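As written, the chains take the letters A, B, C and D, and residue 1 is the first residue of each chain.
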Amino acid sequence: MNLSPSVGARRSPGPWRTAAADLVHNRSALAAAALLLIVVLATLCAPLYADHIAHTDPFQSHVSGTTVVGGKTVPVLTPSSTGLGLGVTPIGPTWDPAHYLLGADNQGRDVMARLLYGGRTSLFIGVTAALLTCVIGTAVGVVAGYAGGVVDAVISRILDVIWAFPVYLLAICLSVVLLTNGLKLGPITVEAGSLWLPVAIIAAIYVPYIARPLRGQVLVLRNKEFIHAAIGSGAPTLRILRREVLPNVVPTAIVFVPLMTALAMLTESALSFLSVGVQPPEASWGTIIEDGLGLLYTRPTVTIAPGLLIALTTAALNVLGDGVRDALDPSARLRGGV
Amino acid sequence: MLSFALKRFGSALLVMFAISVLVFLIFFATPGVDPAARIAGRNADPATLAQVRHSFGLDRPMPIRYLLMMRHLLIDRDLESFVNRGSRVIPQIVQATPVTLSLVIGAALIWMTAGILMGTAAATLRGKAADPLIMLVGVVGVSLPAYWLGEVVNLITQKQLHSSVFSWVPPPGYVGLSQDPGQWALHMLFPWLTLALLYAGIYARLLRGEVITALNEDYVRTARAKGLSERRILIRHALRCSLIPIVSLFGLDFGALVGGAALLTEVVFGLPGIGKLTYDALQNLDLPVIMGTVLYAAFFVVLANALVDILYARLDPRARHA
Amino acid sequence: MPEPLLDVRDLRVSFRTRTGAVTAVDGLSFSVAPGEVLGVVGESGSGKSVSMLAVLRLLTNPNVTVSGEVLFRGRDLLALPDKEMRAIRGREIAMVFQDPMTALTPVYTVGWQIAEQIRAHEQVSRKKAQARAVQLLSDVGIPDAASRVNAYPHEFSGGMRQRAVIAMALSCSPALLIADEPTTALDVTVQAQILDLIRELNGLGSAVVLITHDMGVVSQIADRVLVMYGGRAAEEGPRRAVFHGPRHPYTWGLLDSVPRVGGARLRRLPTIAGMPVSPGNIPEGCAFAPRCRLRHDRCEERPALSGDTHLDACWLPPDDRAALRLTARSSASAATDMDTEAAS
Amino acid sequence: MPLAMSRGTRRVAFAATTVALALTVAACSSSDGGTSSDPSASTSGSGSSAFQPEHKGGTLKLVAHAAAGSFDPQVNYTLQYWQLYQSMYDGLLAFKKVDGQQSFTVVPDLAAAMPKVTNGGKTYTFTLRKGISFSNGKALTTDDVVASFQRIFKVSSPTAGTFYNGIVGADACLKKPASCTLEGGVTGDAKANTVTVNLTAADPEFEYKLAVPHASVVPKDSPAKDAGTKPLPTTGPYMAASYDPNRALKLVRNPHFKEWSRQAQPEGYPDAIDYTFGQTVESEVTAVQNGQADWMYDPPPADRLNEIGTKYASQAHVNPLTAFWYATLNVNMAPFNNKLARQAINYAVDRSAVVRLYGGKNLASPACTILPPGFPGHVDSCDYTKGGGKTWTAADLAKAKALVKKSGTAGQEVGIVVQDDDVNKSIGQYLQSLLTQLGYKATLKPLSGNIQFTYIQNTKNKVQLALTSWYQDYPAASDFLNVLLSCASYHPGSDSSINIAGFCDKGIDAKMQTALKTSQTDQAGADKQWGAIDQEIMAESPVVPLINPKLIDFTSKRVGNYQFSKQFYMLFGQLWVK
């Protein structure tokens, strides 16, 4: 007995279409998607802002530079002139887009322009790491769940090892080493300062988060009649995986993407905060926070602004993720933990 | 049952062994981390350097070095830090544990209470304005970067409003519970709230989903048909069943946090717990301490996994015969 | 006719959905006399379960609107304050649901759940309630009830669980038991035992409303039969009258799809052509018209439930229904296999 | 001696901080660091003023972000603890524990008088003071002194092979520390209460080497290995009651101490010294501001400097240091194997920008020579300032760009390796930005402070440009020029190759040898030669001097009698908390 007659009412128009329809009707998910779009567009406009509005290079130090506030030329970094004259304070928010809208950081760089550029990096790392995690996690989970036996045992133990490492400890361990050397894996060489390094580290540590639940799903599927039937009919394993197994686990994997992106962005910022994430001169919201912490007492904007952006973006991703989950696979659950 | 327990124990040992090897390899593979030069002191002459290298067994082959380290850590229990010479690893961990436990237990109490209240309230108020509002608070909590929140809390309580509203807030740091319970609680208050805010959201969101699912279950309908009060149905039936997955997740999170996952909170609030110990050791590349803390962390995660299984059986009779 | 125990008048249940309001029960009226067994039959989606849930006010979805009157011993249940309604649920009117697998809370013992119901309505000690639970379990035929009382639902087989649910329903000796497809999920042999149990219970004086889609079950146990289609009553009458002289084409279909007891089982059962109507698009007129082989222009108009003790809602001439039924049957057997009745 | 300490080391533990060690008698007494703008409110107590009993008592509370490792005075090599050892441990000789320039003077400590030097400078004979006891109550004897010398080798003291290898028998001890006897090197005569030290060759700096903590005298039954966290008995006014590197160090009065020489080991004022570890640097500042702590070890973070300099100006003490921060240019790797490219960097770097990044002109001054101003041999000269002149005034970016163009190295990749604390990283970011401006593909590699210093020394790591610093060992020009830029300190493939630029010029090396010889007889003449060598090296441009830093001591309101020893910095024992 189904208490919701609407389910029986319409002929099922295919799971994807239903999901899309559900999502379109989810107002909070739509709002979140709109917010994300705005953030993405804004970060894409970073060069426009830097070149045509702020007229500044946010990757260039302006330690001895000057700017114009209220028609007067002032230094970007002002040394203290009272008392013992200790310390140097960067210019604060001027609310003038052409001249340090949100003030300068300790290198005299335009914080607003850096926020836009940093957003690109953060989003890039978040999205690529999430996609990488989901793809690898799905592959690993499917292979382990389907193959069973020794393969499963080995993969599961490896996942256990990663799982038993507190996330940040593992990430920091890997970062400390990789940031010194870069990464050389067979033909792949990643330079120490490359953005792909944090991407790889974040992707690696979260693989079990995806692989474990998917492996469980595949284990259940493996014992379903239609798989037995397909095996019995002599279909090649690859085809069974592609035609029968994958379509059943891909929705779950997709559900994880936005949630994973949020998690990856938070992790990226935390690693950058511990100065083992994105390396200068690249900027991400995490590194801007890190730069700003040295100015927390004098210029809190430098720290607070990127933090708010991270919170806003990850919140939007989480809401969107919830929407996708409700639409595609309400039972999918990602292990939380910050 | 016994064979299951043994198997489980065996796999836990295997995991911990693999982790220790991994940590060992990661750190000895890094250039510039050779501890000999750092132990000997800057610009030490070659003879002294060789002497130090020998006395620390650093001139032995890697497997021997690994075994030596593990023997000192686990059997002799006298493994010493490379940086703070003479400072033993195990007492350091033993000392840091109560700090982390203080932080994690207090925060867990807060976040579980808040999470359960928020999640249940949102589920029962579904369709009303309060539900999305509560969930928004939850989402924000999940989406805040932990360290950033901590720094902002510090900024507000220690500077911006320190002269007015928050003049009672002590400087960051830790005071032992046995030393002064009042100060202990006062020092821990903001770390607790910060950590709890991050997790309360996760649990509230999760619990809301579970309770909503449970409220649509047949047994809830049965309970209602029995003439039970809504309150009793919610708490004794729907919530009781919804807590099963929550508790298992809680076990994992708690294990990881006790193991040092509260690192960011500890670092930001200057709490000398396991997370901070590990972080400092990583900063110093102090391999013995890293090894000790990472194994300790892994131990707690593995232990938490096992406890969750047992707890699961306690909470869910269906799992008892699995 | 004695004063009815339950008198449902013009019950309407509608759901608000994204695509508009959907009427699940549309002006249903029926009554149950004390000690009577009323069989309610119909395909899934016919509104039989929803209407019974509405009677007990168990439809909690905020998108549901219920209207009409449900008079139980003269009091309108739909207008009762929550607290008084709770006192009726479980004590005066008990309900048994279809799937015994999910009807019990998995984390409590069966005995605890029975005792919970007793204690919800009576001031008895935990111990006494537990003792009553043991007694009830053994009454419903659970062997070794004293130890099984401490077992968890998952440790019971399906039939045992349904017995336990029934035991729970009986715990306060209700005047009315609503059993929603109590046997559907069970093995055939167990089905018979459960029906026996319900019959015994009826013997003790409780009235029973038995919801089922299985005419066979109804024929074994019901005093009167209510046939529902599309959220409306299609036919209502004493069991003998309905089985021996069914008046509504839909009832014909239902009866023809039942394998005759003792008859040849291998023969393909006749089915009712077409898809069951869905609550979202019930026709303005006769709900069954789209599937009816005997439909005519008049069916565009909604037929009222009419008759004396054997009522039906159909525009066909009241007198030669038996002949018409034969015509319809021959054309039905010619039809190829359509979708069989969807499992409820 | 590189001092791995910088301003703004928040969140970064510098447990391996090394010490600025000064060894001199009178060579440097003329100047006090050149920069006269010392806004410190400290009152200078030159010489040993009398003990003022009314200020005795109380507990001095010190805070540091991290402890500094082993507490063994013969092992520890950090400024953080050497500062404490001043009022705890004693050697035969000691630096004068006074404020100002006088603190570079060596005076007899456990020895009753300065040693009798015979045998052409190779034999030192010390007579011990009488009536000195360790804090465990045992009387100090010649046996303790002899055992302590042996113990330097037994515990593999960091300087065993560099400071004390000239003692007869040291070679054997370095090879086999366990059986070290220093046969014929150090002998005691209990009856005469004398100790004789024989050297293999004359060493005019030997007296200073005896005045540092590694030559402390500890009881003869001290363990023959690093005492670690179990502090050894002391002879000075304070002894350690407990030590936990993760929590706190507690010093209390040594009940057996009686002042024997006010200038060598004065009686302390506070009754106890509590040194707690583990707070964030931010909260250290707050603690000192609120009077919860009396002094913080770590440099205050950048965003608190202004506050300290204005609201708390009377509690801040700024002292110039004879040290310099500099960038090394690897002369053996492209693009800096090209002299023009190296010179371009020296022209391009805006020292005033670096000064700002360090905390402003009152915390550092621009540097253009290797020898810090006021240092023996220092001559004002600057090849790389805009418009020429004796001191640095402005960067010449146009000239730098022209030189890069001329060198043909534009477009090459340059990796910059810095420590990952705030100040070093921000200077690194500035350099990275500057090199990009000059047309290089510059990347920045911030490394943990603990490994950066060994990493940049090892040629295997192919470091092209590194940011580092050097704090004087002793005010002799050789300590900068000879140690940092001679062929002898260049060891390819080793973690210990302090000539990071890999600069090795035979001609200049020979001149340095000459200057060293000259210094044995004619200090002034030698200093002149060193000044010329400095300029010659700067013309080759293997390093880019950036700034000469200053040190802030931030003390609580109640603290009085602040005294700054040029040798070991602030004198704890002399602070008043009453």
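Throughout what follows, a residue touches a chain if its C-beta (ideal position, glycine included) is under 8 Å from a C-beta of that chain, and two chains touch if they have at least 3 such contacts.
Just so it is clear, the model here is predicted, and its values are computed rather than measured.
**Student:** When B-C is set beside A-B, which has more C-beta pairs in contact?
**Tutor:** Counting C-beta pairs in contact for B-C and A-B gives the edge to A-B.
**Student:** So which chain ends up in the middle if you average the CA atoms?
**Tutor:** Of the chains present, the most centrally placed is B.
**Student:** Counting only Cα atoms for the centres, state how far chain B is from chain C in Å.
**Tutor:** The computed centroid separation for chain B versus chain C comes out at 54 Å.
**Student:** Hey, how far is the Cα centre of chain A from the one of chain B, in Å?
**Tutor:** 22
**Student:** On a C-alpha centroid basis, what's the spacing between chain B and chain D, in Å?
**Tutor:** Chain centres of chain B and chain D, defined by C-alpha means, are spaced 40 Å apart.
**Student:** In chain D, which residues are in touch with two or more of the other chains?
**Tutor:** Within chain D, the residues that touch at least two other chains are 282, 447-448, 451, 455.
**Student:** Quick check: what residues of chain B touch more than one other chain, meaning two or more?
**Tutor:** Residues 30-32, 267, 285 of chain B touch two or more partner chains.
**Student:** Touching chain B in the complex: which residues of chain A?
**Tutor:** Touching chain B from chain A are residues 3, 28, 157, 160-161, 163-169, 172-174, 176-177, 180-181, 262, 266, 269-270, 273-274, 286, 289, 293, 296-297, 300, 303-304, 307, 310-315, 317-319, 322, 330, 333, 335-338.
**Student:** For a test of understanding, state which residues of chain B touch chain A in their complex under the given definition.
**Tutor:** Result: residues 11, 14-16, 18-19, 22-23, 26-27, 29-32, 132, 139-140, 142-149, 151-152, 155, 159-160, 198-199, 202-203, 205-206, 209, 213, 216, 245, 249, 252-253, 256, 259-261, 263-264, 267, 278-279, 282, 285, 290, 293-294, 297-298, 301-302, 305 of chain B touch chain A.
**Student:** State the interface residues of chain B toward chain C in the complex, per the touch definition above.
**Tutor:** So the residues of chain B in touch with chain C come to 126-127, 215, 217-219, 221-230, 232, 236-237, 240-241, 244, 315-318.
**Student:** Within the complex, which stretch of chain D touches chain B?
**Tutor:** Result: residues 1-2, 11-13, 15-16, 18, 66-67, 69-72, 75, 77, 156-162, 165, 174-175, 177, 226-230, 244-247, 278-280, 282-283, 286-287, 290, 292, 447-455, 458, 460-461, 495-496, 498 of chain D touch chain B.
**Student:** Which residues of chain A touch chain D in their complex?
**Tutor:** The touching residues are 59-61, 63-64, 77, 79-80, 82-89, 106-107, 176, 179-180, 191-193, 275, 279-281, 293-299.
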